[in-house]
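Here's a structure for you.
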Amino acid sequence: MIKIKMFFFAGARELVGQGCLELEIPLSSNIAELKKILITKHPKLESLANNAAFAVNEIFVTQDHIILAEDSVAFLPPFSGG
Amino acid sequence: MIKIKMFFFAGARELVGQGCLELEIPLSSNIAELKKILITKHPKLESLANNAAFAVNEIFVTQDHIILAEDSVAFLPPFSGG
Amino acid sequence: MKIQLTQKAIDHQKMVENCRSKVTGAIVLFLGTVRELTGNEKTLFLEYEAFAPLAEKSLQEIALESKKMWPIHQVEIIHKLGKLEPGETSIAVCVSCPHRAEAFAACEHIMNRIKKMVPIWKKETNPEGGSNWVHPISKPTS
Amino acid sequence: MKIQLTQKAIDHQKMVENCRSKVTGAIVLFLGTVRELTGNEKTLFLEYEAFAPLAEKSLQEIALESKKMWPIHQVEIIHKLGKLEPGETSIAVCVSCPHRAEAFAACEHIMNRIKKMVPIWKKETNPEGGSNWVHPISKPTS
């Protein structure tokens, strides 16, 4: 298991109840696997998770990106800026 | 013959040497015929005249528009506003 | 709707505030400004001249036509006449619409029509004192 | 090039003056403003939130990408965060280019990219006190 930092924004932050939390996930998990872990813990996140983008250490990543220990992972619901 | 007022703008005004002049033209002349009269009087106008728009009493008109006595006719070289 | 030919500097800040509203989500402002260089030709200043009554009427028609084509909430068009130096605003068009695609399309359309349809002319004077009226025969300059 | 997320009112007048130059002939300013009505839903105010470091980086990338696509002389993008009331400017994009077609295209492209690519979100609050985050699943709102 590795420890990572999760950051939630906007609707996701409100559903989770906090903007930031520490999480333990299996070694070599990718973003798709992280999503499943998050949905198990917070079932209400499912719809947003399926449409969210993810960033690791402030860089956008794809579903197959492998997460490393101490990474900062951001859960980014569909954008509505502008 | 009828009397009309001719107005010239921009390059046409400079070629003619004045912005406004009175002119006598045959009864029932249209714009195309007026152009020929103007070019005969001011040969330097030819190139501009072939590309100019015309307005009668502040309304755009086509080549076959018949000019009436006392009309104010404007010679409008290609536009370059904006 | 406000259409104006003016000898004064154009106050685009005011135009934007006149177009701003609570019912629209997009404002597009276009400013045409005097360039110092056209190709290799240097411009010291420009002089704009209009056939004012017909120019105003043409601008009105362009604004009305655009209001039929897009859901324009407010539109303002101001053209400066007289002498203008490089960097100065010669024309400003401001449009507000519910959404941005409409506002961009309407504002650009208005500018394209102005270039083609409005009896206004500019004369360029170069640093050597030479000058000439711009009468684009084939295509309008921008 | 200036990219900014701010809590303050956006000074679009200053953005235009920063983009004005003697080498360009066209300035296009876009303002996104808060609408009071979306369909039949009334909005009392909006709250904008950003993942700031990534939002700034994304805005930078969009500006740089646009500079490769068009001859942009100057570009400024400012997004307001925090609470906004109907009529207020949430985003301003200002671009100067040699000619107008480029300036319109560049400014609209930048806005389209911002809507899609930048981690910023808005929450709508209605007069009854109800509120919800806007997370467009199928298509972005404008």
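Brief remarks follow.
Chains here go by letter, A, B, C and D, matching the order in which they are written, and residues are numbered from 1 within each.
Keep this in mind: contacts are C-beta pairs under 8 Å (C-beta built on N, C-alpha and C of every residue); 3 or more make two chains touch, one makes a residue touch a chain.
Since the structure is predicted, the reported quantities are computational estimates derived from the model, not experimental observations.
Path length between chain B and chain C in the touching-chain graph (shortest route): 1.
Computed centre separation for the pair chain B/chain D is 49 angstrom, with centres defined by C-alpha atoms. Spacing of chain A relative to chain D, judged by their CA centroids, is 26 angstrom. A separation of 73 Å divides the Cα centre of chain A from that of chain B.
The residues of chain D that reach two or more other chains are 32, 111, 142, listed in rising order. Pairs of chains meeting the touch criterion are A-D, B-C, C-D.
Those residues of chain D lying in contact with chain A across their complex are 32, 48-51, 53-55, 57, 79, 90-91, 111, 114-123, 132-137, 140-142.
Residues of chain D that touch chain C in their complex: 12-13, 16, 20-37, 86-87, 96, 98-101, 103-104, 107-108, 111, 142. Within the complex formed with chain C, the residues of chain B that make contact are 7, 9-11, 14, 47-48, 51, 53, 55, 58-60, 74, 76-82.
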